[in-house]
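Listed below are the structures to be examined.
Both of the next two complexes hold subunit A, though its partner changes from subunit B to subunit C.
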Partner chain A sequence: MDVKKEKILTDEEVDILQEIMNIAFGQAASDLADVIDIHVILSVPFVKILQAPELPGYIRDEIRDICNISIIEQKFLGKFRGNALMVFPSHAGKELIALFGLEENMHPDADPAETLGRETLMEVGNIMIGACIGKLSELLRDSVTYSPPRIIIENHPCDTIPDSQLAADDSAIVLKTVFSFDRGSISGFVFLVTSHESIQWLKEALRKFIERYE
Partner chain B sequence: MQKMIRKILIVDDSPIARKMLKSCIPRDRGYEFYEAGDGREAVEKFRETRPDVTFMDLTMPVMNGYEAIEEIIRIDPKAVIIVVTADIQVKAVTKVMKLGAHMVLKKILRKEEVEDALLKAEDTLRKFS
Partner chain C sequence: MIFAQIFDAINIGLVILDRDLKVCKWNRWMEMNSGIPAAEIVGSHIFDFFPNLKTRKFLRSCKSVFTFGNFCFFSQKLHRCLFPFKTTGCFDTRFEYMQQSCAMGPLRDENNEVKYLFIYVQDVTEAATYEQKLVEMNMRDSLTGIYNRRFLESKLREEFKRHKRYSRPLSIIMFDIDFFKKVNDKYGHQCGDFILKSVSSMIASQIRNVDFLIRYGGEEFCCLLPETALEPALGVAERFRKSVMEHDNNFDGNNIKVTISLGVAEIRPNISSPETLLKKVDEALYRAKRKGRNRVEAMI
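Our next item is the complex of A and B:
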């Protein structure tokens, strides 16, 4: 049997994960709206499970302007562990500076907007990833720690994710919630790359979660 | 005391979320349940069944909860709609209350919260009747 063709998660497990991510993204939006006075417009979350090496191709197919993206990565460590990747369009940093009202912090010195834009992107990535993973682990009764966020892709010509980030046995959970702001036109999405062991833990945790509602 | 709530409409695109909400509603009161998977279906079901209480999600495909609330309130300005949402931003809550929602409950629900919401809904229905 072709192992790769086996379902990594059942339809019911995907449904449960989708609802948990809906709740997690709601928390993320609320956390972000507390920091900046905006309304985050959420879309219905979409969950898809891939083998990790399929992820770059998936991102290329999903994102129209693949040559102009930034990817923020943050590792999370708990019983459920892996890398969270948040994809933004490249111009998002500058737009976020305006939304945060940080323009006055820009100096006329060398390349300040670039630096501030990167920092703002990382902060937004940190808030969104933290709220998503935090809520997911809380609901599944796990506890996680995080590495600091970092930018792994920034205006690389048509790159997606370096191969070194993706082990062949790993799974990628695509959690695609497009979030946009009532002001500005930024939207982005989140991917989680996780190991086979973590997926096994996740399946068990999802089963226990829904048992509480039987 | 006269029982006021007989029919309950649960609107959520996630079958799991509908199941979770249903599990928080007392089973011994003989409620009739109706379900809808998006806002448009909710409006149709509302028209057909005239539920006493409607639990409404906000983020849904086809027609979202905001639009569905507007439509339902247009059909029946006294409709008792309880929003059940993960979108807990202040602006989202303010908006649905302005549209005519009765109250907002934050996902994940607890049994006591849902029972309390149903009691409040019954109070409102009594005042309307």
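Our next item is the complex of A and C:
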């Protein structure tokens, strides 16, 4: 059934990637606690190879129990490149304003709470995505730059995520982690969708990584 | 280094800070807009010149740039500006300070270590001004300058939610200029427009700043009164009626007197939606019309 999957990464490569992710996300979580003074739990990441058009369906299945969601997207660009998607429940924005101490930035004539909620989601998305990608690319000896985060889906029932928004390359490596802040009251998912072009590089980087330990 | 000329040529502010957050570079754009010459600020701590930058968010961003090699973004919507510069070259703006979209990122040495961070500052005052104007236009009536029906619809939804949470009273007055068609027929549409403006500006001057005056349709208006129960709202409506009746509308040498009919309703437990409330107040208004106009009727 997974003929295409084998073409992208071998089982061994997936194992190595899984291992790198474990290390990267472990470090990211502890650095995040240091940087943002908020305890973040990042679950052991899960690696899955998918065809990109399958991704919306996959996300729908993964987050079935959350009612309405918003998705933040950020492109990362290095030898390792692709899209990072961060899925939050819709109400999270407003709660994160206080948690991240962003009220102090609010201007007296600031926009309504909804706008601030959106901006907060983007800001938190940027921190989380940056931490995860940053650590990962560091381990793979790459350095990446980022596009500004943007909201691609806002307050949308998750069972109707449109396919078109997310269809990208022919294939995608989906790295999924579940995160939660503030003793678990706010949680969501990070999906990293790597672009097809960086797969050759990734294979090479994985090989070099494992060589360092052999 | 020839390429380095771009640093001063570019129409964007560029700042480079070292790990102690001391200024290493301050480009010409920054000199121009801040009035601080590079020679003065280079080598100093950025907070010595911009103490207000020392926020949790800014410090956290610096830290995450140095720790993760992250990029951090300071959107205009959330932050308005990082560096408080006076607006220049944009006269038609309500912003006191230049609106900025800023980002921060890492500069690495040959060993891939983050040695410095850069900040770029883009002036987005013009775009922010346009956006503000569009938002304004979207919720105001172009003739009278008061709120429009679209605004009422979204405001009512909001107020209903608030009412559900806190059970605070909310009333609405709907009123209509009596025999408005006759004014139009007799004096022309320009005069009709004048009457609409005159009535709305007079009522607008009588309401509290928490109330909302809306042009609902042709010669039909609504006034939303948060934190107000039916009884006091009836008093307000009666005041509106009297003042419109007594007001002289001088147009083209004619003194035109008009009157209004008003309906008043408040949120009750059996009124579950904004639509029902509007229906109730509309019924009250029509009763006022049927009973002879120039009067106030409450919902039943």
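Assume the second predicted complex is superposed on the first by the 168 of 214 C-alpha atoms of A that agree within 3 Å, B and C clash if a C-alpha of one lies under 4 Å from a C-alpha of the other, contacts with A are read in each partner's own complex, and residues count from 1 in each chain.
Methods note: a residue touches a chain if its C-beta (ideal position, glycine included) is under 8 Å from a C-beta of that chain, and two chains touch if they have at least 3 such contacts.
None of the values given here were measured: they were computed from a predicted structure.
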### Message
One more residue to check, A:15. First (subunit B), second (subunit C), both or neither?
### Response
first
### Message
Per the contact definition in the header, classify A:146: touching subunit B only (first), subunit C only (second), both, or neither.
### Response
second
### Message
Between subunit B and subunit C, whom does A:134 touch in the aligned arrangement: first, second, both, or neither?
### Response
second
### Message
For A:126 in the superposed arrangement: first (subunit B), second (subunit C), both or neither?
### Response
second
### Message
Quick check for you: in the superposed arrangement, does A:44 touch first (subunit B), second (subunit C), both or neither?
### Response
first
### Message
Which partner chains sit in contact with A:26 here, subunit B, subunit C, both or neither? Use first/second/both/neither.
### Response
first
### subunit B or subunit C, by number of subunit A residues touched
C
#### Entry: Contacts of A:213 with subunit B and subunit C, given as first, second, both or neither
first
#### Entry: On subunit A, positions contacted by subunit B and by subunit C
none
## Note on the structure
subunit A contacts subunit B in the complex at 12, 15-16, 18-19, 22-27, 29-30, 33, 39-40, 42-44, 139, 182, 210, 213-214
## Note on the structure
In the complex, the residues of subunit C that touch subunit A are 55-57, 60, 63-64, 67-73, 75, 77-80, 103, 105, 108, 112
### Message
Going by the contact rule set out above, which residues of subunit A touch subunit C in the complex?
### Response
28, 31, 34-37, 100-102, 104-107, 110-111, 115-116, 119-120, 122-123, 126-127, 130-131, 134-135, 138, 141, 143-146, 148-149
### Task
Would you pull the subunit B residues touching subunit A in the complex into a rising list?
13-17, 19-20, 23-24, 59-61, 85-92, 107-108
